[in-house]
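Both complexes below contain chain A, partnered by chain B and then by chain C.
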Partner chain A sequence: MSKTSESKPPISRRSALKTLGVGAGAAALPMWARYANAQTSEPIRIGFQKHATGIGASYGRWYDRTSQAAVKMINAGGGINGRMVELVTEDDGTDPKRGAEVVEKFATQHKCDVAFGTLFSHVVIGSAPRAGELKLPYFVVSEGHHVASGMLNRYTLQPGITDVKSQVQAMAPFVASNLGKKVTMIFPDFAFGHDHRDYFSAAIEAQGGEVVQMIAIPPAETSFTKYFPKIPRETEVIYHVMVGPAVLTFVKELGEFFGPSRPEIFGFIDSLEAVDLASPGLEYLEGTYFWEGNPRYAQADQSEYDKNFRAAVGVDENGASVNDSKDISTYAHMFGCWETLNIIKAGMESSGYAGPQDRSKLIEAVEAITDIPHSNAHPQGAKLFNGKTHQVFGQQYITKVTNGKLILAHTAGIEDTLYPDEVDYTKQSF
Partner chain B sequence: MDFGPYLMLATLEGAVLAAVLALMASGLSLVFGVMRVVNVAHGELYMLGAVFAWWVTSFVGGGPAVAFVAALIIAPLIVGALAVLADITILKRLEYDPERTIVATIGLLYIMQQVTLMTYGADARPVVPPFNTRLAIPWLEWADGGLQVFWPWGLSITSYKLFVIVAAVVVLLGIRLMMTRSRIGLLMRASQLDSETAQAFGIPVERIYALVFGIGAALAALAGVLIVPIQQAHYLMGGDALLLSFIVVIIGGLGSLGGTIVAALLIGLSDGIISVFFSPTLAKIIATILVALVLVFRPQGLFGGRAR
Partner chain C sequence: MSENGKIILLHTGLIALLLALNFILPAYHHGNIARVMVLASYAIGYNILLGYTGLLSLGHALFFAAGMYGMGLSIRHLGFSPAPALMMGIAAGALVSVAIGALALRTSGVAFMIVTLMFAQAGYLTILLFGKWTRGDEGFVIQQAERILWGIDLSDANNRYLAALVLFALCLFAALWLVRHPVGRVFVAIRENEERAQLLGYNVFLYKLAAVVASGTISAAAGASYGLLFGYAGATFATVQYSIFPLLWVLLGGMGTVIGPFLGAVFMFYLIDLSSGITNAYMLIAGVALVLLTLFAPQGIGGEFRRRVWGWLP
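After this line comes the complex of A and B, so read on.
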């Protein structure tokens, strides 16, 4: 900066006086005038922590598209408190250390009002403490149980997507009464998989079933056949929650291992988000069941809200991009971005949010939210927000692969997903 | 599952890993042996092989078999050509200095990885295998006083996995023949033995180096093409593959083709068997300890020649 000004001709006395005059005029304005001006013209800046690279990149692509669409809708409706919303996107590389740096950048460099959008649990766990220190409201869309478990802090909230514990718990009654009671679980050997292991095994026992074998698979594994002999022959249901790029291999090798006779199979769609069900090897999944946060294929009883949501984000009735039928969305999760941004809007409006000085008011306003009706702002379904645990609860969907499409088989109600509070964040000070 | 069939399954799975690893590591070993260049970007060349296989198979018609054969030829050629280009434009200008080439290949690693992310994207994409029949494997058992054949539950392999093993063996035999019997192999060995003297005798050492770098890359790419119908092409797949290749090459002896193959078998099979009967983490621990022991007690590797 100083170097470029050196090369310019020296400032004339007249222009210097003019500039000073303007500055003095601005200084002479009463405080309220400048304040009101800032309130009407300055956009609200929402820092979007995006998994643009690293293992979460497929999710990041769709979280981005969904968030951009939500912001567009909010701005078309007049913005928040009369101010436009602006997303400030930073890549966190799906890496916890980088995640914390990105949160810091949002707070100090980009002057964001809030941070938002993280999916992978290790990035959330790595970033949330920094957000707490910087007193930056941090809205995650991660479905991890770490928010409701009390592990994080008052500045971290998850109002747009349900957590693993409630999802898993809601699946057990369906699995036990329709598929079988003897379950073998196959899960990745890190926090996300362990959540499934712990909560599902407890939930299935409550239904009179049992987990006959648990097979933990290292996250970086690329071949799976060698693990399958551990599946006991008495197994009636295989429960799988694999994630990452090797998932197709997993399903294919499962098919090759069992050949023509297989037990019932129940999986979490996390395995196949952004993956085309028509991919070679996946025909083996015909007749198996999936948990879906939000059904990828438009169902027969599709709501008007889901229709509008698909149109706004640019997703067709098969869950693929309207521009490229091979570009499959992460439909079961990405609604969470849309709904979270609408919660931020609702919270900012009810607290009269005007700037960073109102951050604690914003959090209190969100904590006060309880019932969230099914609407264009919440297309996945009605929800119940728990201000004490900072976690939202909502219905869960089970779909069955039928002729290569996921067709709704069961909807678990909100009451199936509730569990006793494990923390009260409202008792923590700001 | 009974112990016998289970061991058989673990061994077969380990053999597939060993086959791919042997191909990849022999490329790394060849490059180091002849050029004394540690190619850190080798894993990305493997990834590029897989990614190009996906490109080729999605643009070539005529069924999965034709498309796959096309990928098997085209992908290694493209990757080999890219590597030759990298050799001429970068490594040659660094005069093959060991330290600077490491830094340069780290740069290449990131360039290849990020360009793939920007063009091919972050998704894992599958390639249809040319053939993929599930082959159930029979087992013998003493029952009623005699040997009886039965078909254990789950004991099977696919025809494609067998093909991968056979293909790797054929290619490695080809490389061995090239190195020992052909004129170009002779020139390579001469450059390896003493590049200055070789140059004095009129051997175009720089062209040999470019060729070797290309062949090493093509071997990695070939491994990538072979694995992609089993796994999927993904822009981060090179990392683990590189690590395993380094382990194999260090144990086998940098520059020794035979040692590399023995070490690939050792690591592949032990990874298959130990991770099945104990834990996958233990398999990795043992491999790493083995590397440490080799480095301390036999730095030239189990089969490596004496350092000159």
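After this line comes the complex of A and C, so read on.
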């Protein structure tokens, strides 16, 4: 047997594979060419200021997952102005000093087109001055009233989530007409709690109700029993907003104090975001009401948009991760990241955004947005954007704990959330 | 060259180098170094107490915050312009440090650490308690229009850098002057052997109080400048974390060296900045670096320079 005939069969496996490979590559050419074409232009870089560590970490984890899912969807749809979107993530440690440094890093080192994603108000307030000075559009997802109050600057916008002032005032009509008019408020004794105290007491008075007692809980408090005797007997509704891990103790001790004959209880879900309602000690919440930015449990009349949003982010019908039923999402807030990224896309497309030189055009384009329809891009519901105050307004949900699940009891319309403008950012120069 | 000449040359050289960097640094690092200079000024204040007087405080955030809020609140509520506001911040820091020093110095050692820590915690809670004026944990913005000092817009990157450099230079040379002044020598004598200093006839309490006030006032100047330069005052700066930072900077940079706080602040800043790009557990990296440095260079970077190269380093 000759050597040649032994080593070179007419068609070897390798050459067959090679031919097949080339053939497959040629067949897929149009798709490949399109991909290569998209890569010729730089991606749009969105700096994501993530609370990866510090007190905001559980929010940060879900804000990240939601943002990644939104970017994936935007890119699957062809990106923005034909360019892919790239999320540049930096941890701000949920700290305002580091937050400001991260904003600087986005603007001057990562060369991001915009910055986005901050939740905690003190980080927003610490970072926004730097964003304004660096002329970097800064899209926050914070629900703080800081943007609409006029404290910040033209470069800071909140188009994806409503602010605490509108949320709180929208609760008053429901509370007054369904739960009671004499309210005792229990809130943490820091800025977030004070916002609730001030806005809700004004709103309930406008509904003919009154706040009969305000109980401010000092930060770092671990036991609440000593505060409960301050709740007046005439109280018809307890309005609570507690932030942090102490909420479990709070609910347990509230249950021990009142037993079965309790007043109505209404709370903000913020305390229980990323917390399983089946956690021991939370049984007492059965039959109580919560504000939710977006209902955690898929409701009977769930929209196609919510279904799509859940699937894209990887959240099941109970608001937990599809991979781990104990990993509860921050569902009431995280839609804000999804919706904000879609607003950035809409703004960049309508302004023909091509690069940092168009940042002011982008802001003007977002300021020009008014009605935002309920859609896949805005799964929480229809919204109204106020270009002057840089703040979005939208419907609010009130759910009732029924058999351990949060079931929708009332939807407050956008009109309930509106209040007079406190600033006109469009008058500020760029 | 005489020792004195070398000392002047080194410290002036550092300032000259920082001035030169103003013109060549890329935007990101330019901003970082401006920030580091303000933080290093804070650490210089801390070092007077820890490095030269041997008093370990865990409550310096109180002085930093006193400066920041003294400045910020007088702009926000009294409508002050930056110059008097800055003076208010420094005065607030001086006042608070006199009060805290007078009380805390009745203790020593571990008790001093705990008392200063508790005072700082009380200060933090006071900021939250008076949320109506301080905006509590959220803090407040010092608007761009309120940050124009003698016609110079401090929100401009270049002006901010130069302002930070002026502050840093003032603190550096003030510290250099102080530690070489007879009063500074008494601080060192107290650090080395308090009983002996007392035996020599020095009123140790008074000298220690002077050290607390000098340290607290410089820290307050840094806090007031930080708020003014970066446009924000918030309660986070009064938390225990911000009492630990200057301790770390000073330990890393070299306790009891005038240049050490700067070296520590710049090292730590970039350590966190770079390691946070790699992992979320960046404080672990900072911790490991600190352990390694303590093991292999127990006197910090500046201290090692003094031990190995520059024996004359003050």
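In this text, the second predicted complex is superposed on the first by the 390 of 430 C-alpha atoms of A that agree within 3 Å, B and C clash if a C-alpha of one lies under 4 Å from a C-alpha of the other, contacts with A are read in each partner's own complex, and residues count from 1 in each chain.
Here, a contact is a pair of C-beta atoms (placed from the backbone, for glycine too) under 8 Å apart; a residue touches a chain by one contact, two chains touch by 3 or more.
Source: prediction; values computed, not measured.
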{"item": "Which superposed partner A:Ile55 touches (first chain B, second chain C, both, neither)", "value": "first"}
{"item": "Partner chain in contact with A:Pro218 - chain B first, chain C second, else both or neither", "value": "both"}
{"item": "Which superposed partner A:Glu90 touches (first chain B, second chain C, both, neither)", "value": "second"}
{"item": "First, second, both or neither for A:Gly259, with chain B first and chain C second", "value": "first"}
{"item": "A:Pro129 touches, of chain B and chain C: first, second, both or neither?", "value": "second"}
{"item": "Which superposed partner A:Ser121 touches (first chain B, second chain C, both, neither)", "value": "second"}
{"item": "Chain B versus chain C as contact partner of A:Ala274, first or second or both or neither", "value": "first"}
{"item": "Those residues of chain A which chain B touches in one complex and chain C touches in the other", "value": "53, 218"}
{"item": "Residue numbers on chain A that touch chain C, as the complex places them", "value": "52-53, 90-91, 93, 95-97, 100-101, 104-105, 107-109, 121-122, 125-126, 128-130, 132-133, 144, 146, 151-153, 189-192, 194, 218-219"}
{"item": "Of all residues in chain B, those that touch chain A in their complex", "value": "1, 5-6, 9-10, 13-14, 16-17, 114, 117, 121-124, 126-129, 134, 136, 153-154, 156, 158, 230-232, 234, 236-237, 240, 272, 275-276, 280-281"}
{"item": "Contacting residues of chain C [partner chain A, same complex]", "value": "26-28, 31-32, 35, 125, 128-129, 131-132, 135-142, 144, 155-157, 230-232, 234-237, 273, 276-277, 280, 282-283"}
{"item": "Chain A residues within the chain B interface of the complex", "value": "53-55, 57-58, 60-61, 217-218, 220-223, 225-229, 231, 233, 245-249, 256-259, 274-275, 279-281"}
